[in-house]
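For reference, the structures are reproduced in the following blocks.
Note that chain A is present in both complexes that follow, paired respectively with chain B and with chain C.
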Partner chain A sequence: MSTTTAVAGAPETGRPPTGPPPRATAARSRNRWAPWLFVAPNMLVFLVFTIWPAINGFNISFYDSRNGRTFTPVGTGNYTRILGDDEFWGVVRHTVVFVVAFVVVTMVLATALALLLNAQQRGRGVLRAAYFLPVLLSPVVVGLIWGWALERRVGLVNTITEAIGLGQPGWLIDPTLAMTCTVLVGVWTHLGFYALILLSGLQGIDGNVYEAARLDGSSTWQTIRLITLPLLRPTMLVVLILSTITGFQAFDFIYTLTGGGPTGSTTLIVQYIYEQAFESPIRYGLASAAGVILFVTIFGITLLNYLLGRRQEAV
Partner chain B sequence: MTTATPTAPSTASPDNSGVRTPPSTGSIIRATLLVAGAIVMLIPVVWAVLSSFKDTSELAQRPPTILPQDPTFSNYTEALTSFSFLTYFKNSVVVTVAATALTLLINSMAAFALAKYNFRGRNALFLLTLATIMIPLQVILIPVYQVVANLGLVNSLWGLIIPPAATPTGVFLLRQYMLTIPDDLIEAARIDGASEWRIFWRIIMPLCRPALAVVAIFSIIWRWNDFLWPLIVAQDESVYTLPVALARFNGQQVVPFNLVLAMSVLTILPVVIIFLVLQRHILTGIAQTGLK
Partner chain C sequence: MRSTLISGLAAVSLATTLAACAPGTSESGSGADAPAPSGSVDLSSFKGKKITYLYFTDGPDEAATRSLLKEFESKTGGTVDLQIVPFADLQQSLQARLSGGNAPDVARLADLAPFKDELMDLSGVVGADYADQFLAGPATAMKDGDKIIAVPNDLTMNGPFVNTDLFEKAGVPVPTKWTWDEMVAAAKKVQAANKTEAGIAIDKSGHRLSTILSQFGTTMVGKDLTNTLDEAKATKAIDSLVTLIEDGTIPKDFWIESGSKYKGANEIFLAQQAPIYISGNWQVAQFADAAKFGWKAVPNACAERCGGFPGGKYTVALSQSKEPEMAAALVQFLNSKESQATMDAASMWLPTRNDLIEGKGVTYPDRQADMEVFTADVGETPEDTYDAVASPAFGASATVLVEEFAKAVAGQQDAATTAKNLKAGIDQAIADSK
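After this line comes the complex of A and B, so read on.
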């Protein structure tokens, strides 16, 4: 992001030196307040609903509450309690498994899809739209539809597996299969989005390098591996960061797909925070400590991805 | 790329698609893979839409029918009459429209100040705005809820609308776009005695229409589908949005699935229509900005 690009031509200095009419001083003092008045509404909402809560989140994590109204200070009690809590570690394990699988499968499939779409001329627009459609659907509905398709006895998937002699696997009943399905439904939802970003990265690559490779007798696979993928690396880094953050935030579609089950095997960190804070028995302390831990994790991983990506680029 | 050669402009020819020389078998495999994948992407949705026109006995039939044998709207009429479906629908529309209008207004005002004024603290404010991209709602769920509860906004549509309205990405996108507008226009208007607000409203905003359209489309889709925040704030049935109502009913297991199915289709329908109409806008917007 070009956050440091200089702002082109400051209005004040662009004024002709011949001197504007006397009204100018009034205009200038008006101008001094104008930018603050313009940023005020947005910044107010920011401060009240993002920045203040982000600061206060740390504060709250040193208190406990059973009803969300009266708080008792517990020092670092929430952290020692949560780090000794088996349920929390289970949630952490599921979240890590989900995020790693989600990111790896997404990166591989989205890159493959972008390469295929980039090479495809006929019908590319329609195909791109088809892959993109799930991105726009309500995640709650995605969970409902897939939950129904994966239902053991009457589901669409098992109708097919039975017809071809594979029996009726309990997709959402077996913990391992349920996690696999959760990852795949997550990939199904987001694939088109990441493929689209990678596709625009591919289209930004200068066609001449392909021409040169072709003249040098490079095979299709060699060209992809030695030329396309290295040039695509900056875009892949963006997709890596975005998909990692998306993975850690996963909640909506899982809530209606598995509800976090069976026996908590697909309960990820956001659902854990939601349930501890808003479903009885309310355990505010654990929820806010988990919120801080998630915050630090996302922040740290994003920074790490970014720095590693930069260093690789420099080499 | 630094390897620009005099022939660079020719890359716009149909040959820029990467590797040429695909033997016809290769292109057949490629097309087959792409079409098969696209079918996997679409089947669950098509299946759900088709099934929403089947009656309960046909839905329970095994093996299932593909096309509805006796297409019926009964699931829809029953869903519309047995729940306050219209209330949820109305809530979703109000939240989506009001939130998008609010986001467009306050984001573009902030973007205007950050793009077109020189003032002390401008860069700090811009960096602060960008930094909040790193703070998704999920990680500050509890403190934000505390603020909303203290302001008495729980169970009010305002509580759904206002807190996520100051999107950092919208400010960023609009600011970048406004930087391309020449300052001479603003100067000329000032000399003509236009007020700062008038410059913003009558000159900058009309010129920003393409960027505003992108922000608006993303906001509409995001707000329509939004779930976690409404789930927390809308605790009373009278303020449920469609996704919240669907998830609650599904969780209770008492609502027959044919009705959930009809409500699901009605929930995704507006977004699918918007997508079909504005497809080009949405896809190029995302490709350029990496937002959704």
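After this line comes the complex of A and C, so read on.
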């Protein structure tokens, strides 16, 4: 390949050009703006529907408003009230329990599923689609379907448990069972998505590494522990961050599954925010303050996950 | 690194600048609205004009409303754009439209408190003594000082229904008047004889629980935002209900599952799994269609007091209306004696006008006797229940009632603690409403 054609329009004088010709400068200038033009429509939507409401929400958190039209400044009053509210701390406890259980169970099952799918030679596509299917369902529908299945008296699950002599557990009536069901339904919904991300990570690992391990006599377990998992760590970090954010944001399927009950035991922070904002008595300022607290928490935990992950990768 | 720092600082400064701007308007004023109409209204002056009516429907009332609007249009030569939204979206939808300066001219509302500052004073059109045309109870919420801000369009009354087939099979006579203890005894006997899932079904609703509180002698809020809960009486009411739940007369799961969200127990009654169902007159139209068994409305049981618990909807005109006179005229037209009689008969509603309660009243095309049971209970219902339901703090107090009651049902607290927590919750609701 001729090196002189590397710069379009450069005169073939045998000497390198001293500066870019005018047409090249114009093209470069166009090229500099092109990416911005491509992302502009999306950025505009993001600015109008995400950034602006977020800034506005932060602003409103310093006011008291019951109708969204008249606002009374209260300084940090909303934050003081939330942080001194027993109900809020109860909701925080439930949220932490949910997020920890959801993330741990999701990470373990999604990794196991990805390893199995990766090892599967036949029907991998069909299995992948089957596990991904719940991701395509509306969370509201997921909540309703599992609500019917777990209903104590006539639900599908208890029809089976009663037939085999296990009685009729109150899956959505007992606070501990209700939280367990909420976590498992959440995992069921998102498992396929995270398994798919991990599967793509597994398929990115160089096959020669496995071949070398096999020649060295490594067992399957040793291969997974010493080769697969360390090389999969960057993808696992992505899944860890995404599942943590999803856990903190969980609301819609829980609202239709348990409504936050029994007696508030599955009410998480997003439902708390929703109820403050849209149920009587309306407290937009308080809801916005809780939203800001949630944002700061998610941002902090995500940053921590990211930094710890980066440090381990470096090691 | 430097550019990242600059971008970060720019973003922070932008956010801080924007955050420094006060959102919306201050409490002192809410913009330049059209002046309230006054003087006599000439209907022909509305020719060619158009107003919007934000509405939610309970079902059979929609056709009757459309028919009345056509009549109004033919009388005035104007147009009314009926905009129907689901009840669940009504409050948010109206709040958003008010914020955007795009409010409807007229609206049908169940809760006036969040919109009180946005409602038009109708007294200039309907007259200062207009409230006298309405029952004293529903009229409580009509006035804000000297202003007339809303007109009660339909009255609801909580009360029980019985499955007469199940009562007959159990050999228990259908009551024409009964005490709380007699109702419980009848429920248990009919439940045992028919092996139904429950003896009494009651909607999961703070409004419905307020009926029981009232029958045991107390309400939650009173006039001038006072906390009227009598803890001893509330404890007795809660204890009675929890006992009935523990012995299986009232279904337990129903009260614990689905959080504190409203849930109707009509499906239990329609499936003939409870011989008694405590709900309200709005179920009459539904049961007339859906019930495949004998049923009838019966009077509320008396404990310390008799009667049910009221509710209702209001027709209002919004201050943002560009056609305030036409909006006020529509509100007045929809609540005239003739219009209310038409609406009530078609929709199985109870009237709010004195001239429709007194004398012959409303003639319903079906289930006249059942509607008369509810009408009779209007007279038995204590006045303080109207003060309670008209209070801006009622909605929030009702939510606390359901939440605290569910804890008692789950065995997390006794009735006395429930009543104590309820009292504290009502205090908070009142503070939030001021």
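The criterion applied here is as follows: the second predicted complex is superposed on the first by the 268 of 315 C-alpha atoms of A that agree within 3 Å, B and C clash if a C-alpha of one lies under 4 Å from a C-alpha of the other, contacts with A are read in each partner's own complex, and residues count from 1 in each chain.
Keep in mind that, in the parts below, contacts are C-beta pairs under 8 Å (C-beta built on N, C-alpha and C of every residue); 3 or more make two chains touch, one makes a residue touch a chain.
Here the structure is a predicted model, which means the values were calculated and not measured.
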item	value
Touching partner for A:Leu117 - first (chain B), second (chain C), both, neither	first
First (chain B), second (chain C), both or neither touched by A:Phe278	both
First, second, both or neither for A:Gly259, with chain B first and chain C second	both
Contacts of A:Asn56 with chain B and chain C, given as first, second, both or neither	both
Partner with the higher number of touched chain A residues, chain C or chain B	B
Contacts of A:Val270 with chain B and chain C, given as first, second, both or neither	first
Chain B versus chain C as contact partner of A:Pro41, first or second or both or neither	first
Chain B versus chain C as contact partner of A:Thr72, first or second or both or neither	second
Which superposed partner A:Ile145 touches (first chain B, second chain C, both, neither)	first
Footprint overlap on chain A, where chain B in one structure and chain C in the other make contact	56, 60, 68, 153, 259, 278
Residues on chain A engaged by chain C in the complex (per definition of touch)	55-56, 58-60, 62-63, 65-73, 152-153, 170, 172-173, 175, 258-264, 266-267, 278-283
Of all residues in chain B, those that touch chain A in their complex	1, 3-5, 7-8, 10-11, 13-22, 26-27, 30-31, 33-35, 37-38, 40-45, 47-48, 60, 62-64, 105-107, 109-110, 112-119, 122, 125-130, 132, 134-136, 138-149, 162-166, 171-172, 176, 179, 183-184, 186-187, 190-191, 193, 195-196, 200, 221, 224-225, 227-228, 231-232, 242-243, 246-247, 250-251, 257, 260-261, 264, 267-268, 271-272, 274-275, 279, 282-283, 286-288, 290, 292
Touch list for chain A against partner chain B, complex	1-3, 5, 7-12, 14-15, 20, 23, 27, 30-32, 34-36, 38-39, 41-43, 45-46, 48-54, 56-57, 60, 68, 113, 115-122, 127-141, 144-146, 148-149, 153-154, 156, 159, 163, 188, 191-193, 196-197, 199-200, 202-203, 205-211, 214, 220, 223-224, 228, 238, 242, 245, 248-249, 251-252, 255-256, 259, 270, 273-274, 277-278, 284, 287-288, 291-292, 294-295, 298-299, 302
Chain C - residues contacting chain A, complex	14-15, 18-19, 21-27, 30, 91-92, 95-96, 98-99, 111, 113-115, 117-118, 197, 252-253, 256-261, 393, 395-396, 399, 403, 406-407, 410, 412, 429, 432-433
